[in-house]
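Here chain A shows up in two complexes: once beside chain B, once beside chain C.
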Partner chain A sequence: MWMYALRRLILTIPILLGVTVICFALVQLAPGDPVQSLVRPDATPEQIQSLRAFYGLDQPLVIQYLLWLWRVLGGNFGMSISTNLPVATEVLRAFQNTIVIALISVVIAFIVSMILGVIAATRPGSIVDRLVTAIAVFGISVPTFWLAVVLVIFFAVELGWLPATGMGGGSDTFNYLDWNDFKFAIMPIIALALPPLAIMTRTTRSSLSEILNQDFIQTLRAKGLSEFSIIVHAVRNIMPSAVAMLGLQLGYLIGGSVLVETVFTWPGTGFLLNKAILTRDLPLLQGTILVLATAFVLINLVVDLAQSLVDPRIKRS
Partner chain B sequence: MTDIPAGSLHIDKAQAAPASKVRGYWGSVWNRLRYDYVTLSCMALIAVIVLLAVFAPWIAPMDPDKSSMANRLRPIGYKKFLLGTDEQGRDMLSRLLWGGRNSLLMGIVPVIFATTIGGAFGVVAGYYGGKVNMVIMRTMDVFFAFPSVLLAVAIAGSLGGGIFNQMLTLTVVLIPPICRVAETATSQVRSLDFVDAARASGASTISILFSHVLINVLSPVLVYSSTLVSISIILAAGLSFLGLGVAPPTADWGLMLSTLRQSIYVQPLIAALPGVAILITSIAFNLVSDGLRQAMDVKA
Partner chain C sequence: MKSIKLRGVLAAAAFALAAGAAGSATAETVLRVAMTAADIPDWTGAPDQGYEGYRFAGYTMYDALALWDLSSSDQAADIVPGLATSWEIDPTNNLVWTYHLRADVKFHDGCAWNADSAIWNFSRVMDSASPQFNPRHAAMQGSGVVNVAGVEKIDDLTIKITTKTPASLLPYDLAMFYMISNCGVEAAGNDYAKYGEKPAGTGPYMFDKLVPHERLELVKNAAYWNPDRVPKHDRLVLLPMPEASTRAAALLSGQVDFVEAPSPDTIPVLKDAGMNIVTVPYPHNWDYLLRVDTGPFSDIRVRKAANMAINRQDMVDMLQGVATAGYNTLIESQAWYGTPPIYEYDPEGAKALLEEAGCMPCKVKFGISTSGSGQMQPLPMNELVKEQLDEAGFEVELVPMDWNALINVFFQGAEKSGFDGINFSMAPIDASQGILKKWMTPYAPPSCCNWGFYKNDKVDELGNAALAEFDVEKRNIILTEMNNTVMADAPELFVVHDLNPRALSPKLTGYVQAQSWFQDLTPIVVNP
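Then we have the complex of A and B:
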């Protein structure tokens, strides 16, 4: 167990380094002089000169990267061009807003997918089974930002039940337990939850029906166990992979919520990315991407470790 | 939006076959496909969408970029505007037809490029193994550290908007998953007996690669690539939605969805139209690739 955890941990380090290389390269990808994309258009020559020195732009690329990496490791992601605040501050504040709705979405998607998947797997060909197939196709084909727009049209414009966009009183005073605040989070959560719901339902259904066809299920049935406890046995078998799926989807949601957050102007990392793109704020873009990708890698790490705890078969491989 | 599905395809030993058997295999694929009416009708739907997009200049009733201040946000069926008008009084039907061109282009071209490049890297990594494999696959692993949407936004956000940058971005995003599938498929085929036999009988590496390995790797890779078309369309629409695609006033489904967002209080139905177009196209491509996978008997 510990050997596996250690090996998995060590394998993460080169991946994280690779992530920093890509994030560093992002600014180099931008057309034109990197300094021009790092400062406001009205910056004075002195400001540009000091930035050149700060980023070590007169040095060779490798040195630039190492300098940058050293600063990033110290928590210095540079300054946002559009707001003049440290990027780290901006990203951290936004990250909280993203992770909360992503967590709620993925947990809801998990619960619903388990229920739908179990019903579909135990009653193949039934209405629920067909519904599951339909949801699965719809969920992976639908552009979430369109779904978000449709939700706004339905619940905000036509019915007037929920506020269309924003976060009410703002992220500092936002209280998820207060209904008046939580109303703002409902539509983003639904829009985020659908794709993972579709994928997890399909996976639950197929892995569960595979288990239900195995010999030990026959044995249980021959022993005279009720259908319910047979299903409980089967569900316990798919739990490790289902929980792994949940973690993976959480990672995708945290990284992939740009479009949904943009539609709802939900002040999370996705909205921050959108702002960075609109204002061509490269330090902000770079910092946000770096934090999100790191979070994705770490979530995958935790998922793998947790799975190896639950499922002894993994340790051997 | 979904992320790119984990690419691990498994090749059956029975399915992988030396070059001479290929015609029989494709024959049986067609036989299975003939009775799959869902897949066939989705193929027909795609054909219609492609034809509409290709012939948009001749089919579209009006100039898609011609705005008219007097006819802004007219409802569906208003006078000569079959699907109404957008916030600048441009004919929605014409814009949807023209917009399909860019969406289809973004769905197909990056997948073709990525399949060629990613497939080549994957076959080389899978066939040679060892250090070559390690360098290629560990590099790909780094790209897997980014959810696909995030990677697309990162690259396009740095490069800036425009059709070329959008295509480049999508190609880069799609290469790693295809590479991984090609690598898995190749390393499975490589260890099969007929490849050893070919090597033992003195066939050159090139001829083994092309006439024995590639032919068997092709079907799982192509099936996998076909699942990426709809992902590529949705990603492209997302980039356009964020302003990282074509420049206005060019018609593009993602961009139209984004600009019409301001009009949901006036014409909600019209604001939703471009998304319906994306949804129909992407469902059609998804169902076709599902059908192909079943017909070609590639296990996902």
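Then we have the complex of A and C:
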């Protein structure tokens, strides 16, 4: 298994290189210029050109990419054009802000989806099954952006129970174990958790239904096992796919929470990525994408290894 | 024993009362502002994020040689003495200005403001060989000093500024050029990233804390050189909140006290909740810059037809009254507004003009943005304009793009853009930005802002005359004539001027909304 893990880690290098090349190329294709968005409309061409030269943007594209890559290999992600702050610091801070709420969201989604999925699968066609299906369809269908706004209106404005936005006094002092801080994270967590919860509920229900219809379940019943024990056996069989789904959803949450983070002004990677795209801040964009891609690949590796632990039939070699 | 106990109780009660009183006396008053900016503006003396950056991270911490008088809502803001108490042009040489600097002013870090500081600051953006040269500041603040040839010290409180060409509007340019602490930068070894950890200006607020992308906290400068503008609150917290519904929710839930640009559809809800909505005209122009050197809009009949096709009242109604009809680049309270043609809504008249011009249907392509500084609600507004123009015989194609892409189109100029016009709001805060750089031939792209390549020799002549006229009254007459000449040519499609809505918590008093892109927050009192 260790050789498998090592091989996978080595394979991440060309994957990450490919991701950075594509990201770099796509940003270059998009119209716009990071320097023009910084200066006033009456800035002279010489002033703009001088700033472009300062950031190395006047170099041929291939040289720009290779210089960036060389610096990254040395641990230097460069400076953000729009904020003039080190990209590494920016991305690390944003990643910390996102990973925690993403983890909490996906764990809550996983636990709740397993419960709902089991309930629905063991009562097929019942009102409970239909209710769970309705919740799942709602969760998949509802636009996350809309949900976030509705949560703000209901819980922050109407009820005044939760703050509408931000990370309290700032992410530098934010303490998830302090209720006065944690309440800022509740609505973002709910908004992030609903789509994966819905997806995993449906997956759990359908996978479990299939398992419960298999012959070995009949055998277990014939042997006199309780329904609870039978369900435990059945759930063990769906764990590999459930774990895979959990990993995928975590990866999506880390990289795809732009809308939720924008509504809640939660300073995570989605917010940072959105900003980097809108300002064409190439160093920040490349750095953020690289970190997110690395996280995604590592999460998938962990998931694959976890699957082989959960299901001995899967041998990673 | 009883009396000792009683005395003890009384003493404890008195102590508790005193402690409580002392606590409430020292309780900090905090003004929390939700900005529309997507990020904290640059706080080191060269703001970005458009003029909102100047508003919140510029004129708060820093001063310029001149400042904007933001004390009145009744007239467009003009400049007043700032770090210079007066300035005059050399009567024998119209390239030389003498600036008399304000005495007894210190930067927030204790560094003295004087001629050496001033010259150091000019070098910061002009002299690439100087150790303090900052390429970023040079690009972001350099527009204000591009016509400066040199700065010379006469004495500790007097400098001479020589321009390259006659520049009667130089004081306005320099009102946008901030002075930062030379001591601070030198102490940081000319490392501006390190300087940014504790920047220092001379402004009414001092830097206290920054959490990147989240909050910028400033505290009042109790020793500010203008005692009338020492802030009436202790702390100013600036929060970027680009999403309008988030800003409204934050205000309604009590998380912030002051909100920039609430969206029109949230204003009734905010009012019902007891918030104060303030609006005032300011030098903003929501318009279409038209390509006039070639294409459909090279014909003045087509330009006039476009202006006649717009039902501006419909647009104002759609925006729930947070705009006024526009017929000019400038707003009425600006000294050079003049007497622009007032286009009545007349789609039939527009059609007749288009027939006469042989452009029926008149196909035009506009570049627009989905958001952006000063763009208001661009998508529904552009849809309404398209509908009105199409009804009047135009065939409008709207090409939406993000704000950064539209800025690029602006800098490219009409010729390279491929568009007949762009919806690009501008800030005519002074005659230079509102008239000269918009309409004079030398300012066609890539040199500046005459996007559509408008060309009129009389306008160029008047512009040069204005730049060489240092008497304010006489210059205003020239500028007014210049603006009238341009407006008669209908060089733009005028639609509305934004009324700069802001929403304030009822616990705020003392705010005076200036007719300006910049605002003075110092008089605001944050009541319990």
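Assume the second predicted complex is superposed on the first by the 255 of 317 C-alpha atoms of A that agree within 3 Å, B and C clash if a C-alpha of one lies under 4 Å from a C-alpha of the other, contacts with A are read in each partner's own complex, and residues count from 1 in each chain.
The definition used in the following text is that a residue touches a chain if its C-beta (ideal position, glycine included) is under 8 Å from a C-beta of that chain, and two chains touch if they have at least 3 such contacts.
The structure displayed is predicted, hence computed values, not measured ones.
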Which partner does A:Leu85 contact after superposing on A: first (chain B), second (chain C), both, neither?
second
Mind working out whether A:Pro163 is in touch with chain B, chain C, both or neither, as first, second, both or neither?
second
Which superposed partner A:Ile153 touches (first chain B, second chain C, both, neither):
both
Let me test your reading of the model: by the given contact rule, A:Val142 touches which partner, first (chain B), second (chain C), both or neither?
first
Between chain B (first) and chain C (second), which does A:Ala198 come into contact with in this model arrangement: first, second, both, or neither?
first
Which superposed partner A:Ile189 touches (first chain B, second chain C, both, neither)
neither
Name the contact category of A:Ala30: first (chain B only), second (chain C only), both, or neither.
both
Between chain B (first) and chain C (second), which, if any, makes contact with A:Val258: first, second, both or neither?
first
In the overlaid three-chain picture, which partner chain does A:Leu51 touch, first (chain B) or second (chain C), both, or neither?
second
Contact residues of chain A, present in both the chain B and the chain C interface
30-31, 149, 152-153, 157, 262-263, 274, 278, 280
Please output the residues of chain C touching chain A within their complex, sorted ascending.
38-40, 42, 44, 48, 135-136, 138-140, 142-143, 146, 192-193, 196, 209, 211-215, 239-243, 245-246, 249-250, 252-255, 401-405, 407-411, 426, 432-433, 437, 446-449
Of chain B, residues touching chain A in the complex:
1-3, 138-139, 141-143, 145-150, 153-155, 157-160, 230, 234, 237-238, 241-244, 254, 257, 261, 264-265, 268, 271-272, 274-275, 278-279, 282-283, 286-287, 290
Which bits of chain A are touching chain B when the two form their complex?
14-16, 18-19, 21-23, 26-27, 29-31, 137-147, 149-150, 152-153, 157-158, 195, 198-199, 251-252, 254-256, 258-259, 262-263, 273-274, 276-278, 280, 282, 285, 289, 292-293, 296-297
Considering the complex alone, what residue numbers of chain A touch chain C?
30-45, 47-48, 50-51, 54, 79, 82-86, 89-90, 93-94, 149, 152-153, 156-157, 160, 163-167, 170-172, 262-265, 267, 271-272, 274-275, 278-280
